[in-house]
Amino acid sequence: MSPPPATAAGAEPEKGSALGRSERRHPITRPVASRVADQAYVWLCTLAALAAMAGVGYLIYKTAAETGEVWSTYGIWGFLTGTEWIPQPADGQPVFGALPFIYGTLVTSAIAMALAVPLAIGVALATTVFLPRVLRGPVSAVVDLLAAVPSVVYGLWGILVLVPTLRPALEWVSEHNGPLGFLAGPVTSGSYLLSGMVLAIMVLPIIAAITREVFLTVPVDQQEGAYALGATRWEMVRDAMLPWARSGIVGASALGLGRAVGETIALALLLGNVPNVGGSLLGPGSTLAGVIALEFGEAFDVHLAALTALALVLFVIAFIINALARLLVARSSGGGESLVRRALTNRGLAGLGTIRAREQEGGDGLDEPADEPGIVEPPRRLAGLPSVSTSRRVRSYAAEGTVYLALALALIPLGAILYEIVRNGLPAISWDFLTTEQPPDAFTPGGGISNALVGTLIMMGIATAVAAPLGVLTALFINDVAAGLGPGFRRIGDAVGFFVDILLGVPSVVVGLTVYLALVLAMGNFSALAGGIALGIIMFPIVVRATDEILRLVPEAQREAAEALGAPRWRTTVSVVLPAAAPGILTGTMLALARASGEAAPLLFTSLGWQFLSTDVLAPIAALPQLIFANMVDIQTPESTELAWGAAFVLVAMILFLNLIARLIARFTRSLEVR
Amino acid sequence: MSTEQSTARATEAPPGPSAPPPSAPSAPPPLRTRGLGAFFGSHKAIEDIDLDFEDNTVTALIGPSGCGKSTYIRTLNRMHENVPNARIEGDVELHGESIYGRAADPVAIRRAIGMVFQRPNPFPTKSIADNVLAGPKFNRIRLSRRERQDLVERVLRAAGLWNEVKNRLRAPAGGLSGGQQQRLCIARALSIDPDVLLMDEPCSALDPQSTDRIEELIDQLKERVTIVIVTHNMQQAARVSDRTAFITIETDGEPGRLVETGPTSDIFNAPSKPATEAYVSGRFG
Amino acid sequence: MNRTLRNTIAAGIAGGMMLTGATSALGIANGSGASFPNQAYSKWCADSKLCSYTSKGSTGGITDFVNGVTDFGASDAPLTSTQLAALRRQRGGANVLYFPTLLGGVTVPTNIDGVNKRLKLRGTTIAKIFKGDIDRWNHPEIRAANRGVSLPNESITRCVRADGSGTSFAFTSYLSKVYPQFRTSVGASQRPNWPSNVSVVTGPKNPGVAKCVNDNDNSIGYVDTADARSAGLLDNATAVGKSQVVRRRVRSGGRTRIVRQRKIVYIAPFTKTISRAGNVRLRRNQPLNVSLTNSSAPGAYPITTTTWVLVYSDFARAGKAGSKNDVLRTLRYFYSARAQRDLPKLQFAPLPANLRAAALAQLNRVR
């Protein structure tokens, strides 16, 4: 655009501006409409947050209300410390004790974390520092993809591949365990150790991805400082990166632990569901979420109440883990909680690159266009200069070797799962497979997944329509509105955030049951709508968490710039904050969608299932995870297994596809903005 | 609002850096603080500051680090309130009307009193043109396509940035250098035609050339708008300001207080207080 | 507002409005419940287009039926008195009618080192094994029934279900009937409480137990016929021995006489032997929730179970008047010769004629 040049710069007299005494040209009051808009914004966010709190409260209340009989019959202490779980005794009263399940949950989660955290740190270090630059992107993309694999596939992979592979080794261990009583035989197909391993593989991608982003936020000058002192690459990592990232790693692990504690299907398949306390790690056990998922369908009366009480125990455990993680993060030195936030939100957030860069650079480099912060490569050693002592070099090489070993240990199972899905799933895929309804039975070859595919897509749409706006508004309340209303409200905002976090660890079957009680019974039938809402509730806390974290990342300077221009609060949010946060919100929503789309258990209570192609949102509908579960777990024939693997492949491919689309949209909208 | 009168004056008086005519006592000054104090929670950052900011005048606020200059300038358009637990005592008047009064709204105040920050903060992903147009957009000022083009060119020229960016108005602002970004921020602030422009150490993050450009700009802008500038750099204060106010804290933990104010040449050449003398001659701070 | 978000929401709303009512579930009966008959019900529903069935477990099916959120339920076990009371309370006093649809066998496959044939075991022996009274394969009681088979001196690995299930219920109720000590120590249960001194290995669902048997040497388990076949265990399924009156020709003094004699006969799970278990004597209008395990019918496989479709006795009172015809049409199809002919290849057995006739007669009682 090139309009005819106006008068010389600065010389053109402004309307009302002049030399000499000026008058007030702008009112100091605001038009009513503008104030109303701000009020509406505040109320909208507050309502969303209140609705969220009410939802969580209702969930806990409904759960607690079902359990009265348990406490009155067995007593709180008696229930918590009871070691026997006999829902249907031959004669006499049933006996319910939660201890075996609490024990199983803690043991499997502990094994999972003990394995996953070091490996995840290794993967994160390899993909930020040690691997050649060209490999870093692809390797972390593979790791990210695995966050989207439905958990039933992890469970089946554990049974079909991991157990047979490790069995000889485990048998050898159990025979030669000597003094290690906790590894005594006999080796059973389900065990704490194997369950912990599969759990570790499940949570590893989450922890690795976030830890990686934490490492990327280590300021360049810290790294350079270490190198400037003559540090080797490992010494730089040890002295500059790890201390800085410690609190971030704690936060990432807490998120992973939340997933591990709430996992149902994989553990239901792998742990054997035998209520044990103590005993060999090679023996079977049972977890809270696992027993709930396995027995819910067949439970009634006191048994149902006892299972619900277990869900309540799980709430409390999630609460404690959450509180401990917050304490740890708060105590930990370094960048504090904001590191986790940054990390969470950095995933695929090229749009924020410049902002991030500006924030980190401090006062330097302002006169150069900002670029992505990153990892500093070690200086090349010049010939003839004094070299590092042998012992230091050996130690550094050993450390690097350990990192590569961790990467290999992590990538082997992850690669194996992807390979298994592609190998078994790809041959089933055809146009007919996608457009034909499910076969009439498990013995008939042919048939497809059209009804389940359409059902899953519809429910994912509903879930997103529920969770994304509500999640973003709730995050705005926590981050923007509550803080703006005063210090007291800031606390309320924190409390909302805390309660939303508890939802992260709630087993999905409990969500399903609550929606059944609240919506399905009220409507009088199962529906895609109810299923979508249940999935939306599962997505909600993830969307809130991701959005909250990224909103914190939007620099205060950006908000102030808008406010100094006289932008009303809602305007600042809509025009400045949300556009900057959009890619992150999109990524968070995608992660949430990936997690929710693999859920089968809550759908049995909400959308039920439908053998035919249906698009009616008020009627029952089919879904892919249920189809996978029914054809791999309920029954296994060659025909049904092929169908299930094909469906698993489609589910993973669909998530991958959505992820790609989301990233493209993010990039496209950004280019729209700057056009 | 009297357009005729002001246009007439604009043609009468020659533009230039010369000292403004003495303020007429009849009307209140564009901006004035009375007994202004500011708190962060229980900590009192500044206390009892009385200052008048005159038309067509650049007023520099100087003082040692931590004396509360920035806190003070942020109370002038109620940005201070953004800090949790922050509050003020005393009053700030815009053309004789309290901006902390019941009817006053911070959003409207900030539209009347613009601000440029210490570190340039353009919207990095928005284009250069959209950064300028953000002000009208935020304030729901509807402009035709033509008016938008005119506005962009006018304020970018006013900010001395037009020639550098006229060929890349659609490029993201994040790609500009620091000095260009700061001038873009000034252009953005001018786009809504404020009564008063607050500048909080606008050059502290810039190199000398960029600083020169901004200082020239300030000199040109004072014909259009009342300017308040916080600066650490006493040469800068001497170069750009007509009046100077010196704020300091006597002992740690005390709030910052106004020591003295007056024409810049007086403050630098013949300060009436020993503390000012010590500061401007470099013995303190 | 953020463009992406706005577009997403707009598309979501538009899509939602377009989808609502585009296809209707009207005219198709919706059922849920037992997983045991899932393959048959799914096939019948798919072929007839009269119904849709979702397997979620018997109790889940009963709960949905009681709450009136499905058109029919399906269960391997009759309603308990509590469930019945809840049904009457919530569904306007309507009662439940039981419609047996098919028969199925619970096989007891073994996987013993060096044994490549079907083992013969009496019901009591199986009960003793699962109660823990018999712990080794070369126990005299097992050897006596399997002359000529070299049984190893190895301990027995027992594979059981990890989850609650109708299969467990059928199996344990049979063992409870034939061995009183089993009834008092374990009992008939969907989720049996195996004696603590007996080491069991658990597997999820039927395929999990089948896999357990295949993976562990010297093991025994209980699996439904379909999964036993899929896992290649049908040939190793135990022939279960029961005491039965047999007629024998006795030649004495040049004359042949027929003598009735009580004897142990071993019966393997085949479609025919399973089907025979349905030959029960029924009174007119008798509720059809009869147990078929440990059937005394000659030549009937003893660990045979049936499963029921649950139907409201009075749809109008239950508040489900609109679905009555759909459910009746569905059941008539289930009892059609065509539908019953599908059963063998799904590893179920068709109902014997008497049971089918009784069921069709009861259909007329539905109001």
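Letters A, B and C name the chains as they come in the text, with residue numbers starting at 1 for each one.
Heads up, the rule we're going with is that a residue touches a chain if its C-beta (ideal position, glycine included) is under 8 Å from a C-beta of that chain, and two chains touch if they have at least 3 such contacts.
No experiment lies behind these values; they were computed from the predicted model shown.
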Innermost chain by mean C-alpha position
A
Taking each chain's centre as the mean of its CA atoms, the one lying farthest from the centre of chain B is chain C
What whole-Å value do you get for the distance between chain B and chain C if each is reduced to the mean of its CA atoms?
84
Counting in whole Å, what is the centre-to-centre distance of chain A and chain B, each centre being its mean C-alpha position?
46
Between chain A and chain C, what is the separation of their C-alpha centroids in Å?
40
For chain A, give me the residues that contact two or more of the other chains.
579
Of all residues in chain B, the ones touching two or more other chains:
none
Give the list of chain C residues in touch with chain A in this complex.
1-5, 8-9, 12-13, 15-16, 19-25, 28, 30, 32, 35, 38-40, 42-43, 45-47, 49, 52-60, 62-64, 67-70, 80, 82-83, 162-165, 183-187, 189-193, 199-208, 210-212, 215-216, 226-227, 230-231, 345-346
Mind pulling up the chain A residues that touch chain C in the complex?
86-91, 159, 164, 186, 188-190, 268-269, 272-274, 284, 294-301, 437-444, 458, 461-462, 464-465, 468-469, 472, 520-521, 524-526, 574, 578-579, 582, 585-586, 604, 608-620, 626, 630, 633-638, 665-666, 669, 672
Would you tell me which residues of chain B are touching chain A in their complex?
1-3, 5-7, 9-13, 15, 20-21, 23-24, 27, 30, 55-56, 77, 79, 82, 84-85, 94-95, 97, 99, 101, 103-105, 107-112, 114-115, 117, 119-127, 130, 134-135, 137-140, 146, 149-150, 152-154, 157-158, 160, 162, 166, 169-172, 174-179, 181, 185, 188-189, 191-195, 205-207, 210, 220-221, 223-226
Can you tell me which positions in chain A touch chain B when the two form their complex?
1-3, 5-6, 8-30, 34-35, 38, 351, 354-355, 358, 363, 366-370, 483, 487, 490, 555, 557-558, 560-569, 571-572, 575-576, 579-580, 670, 673-675
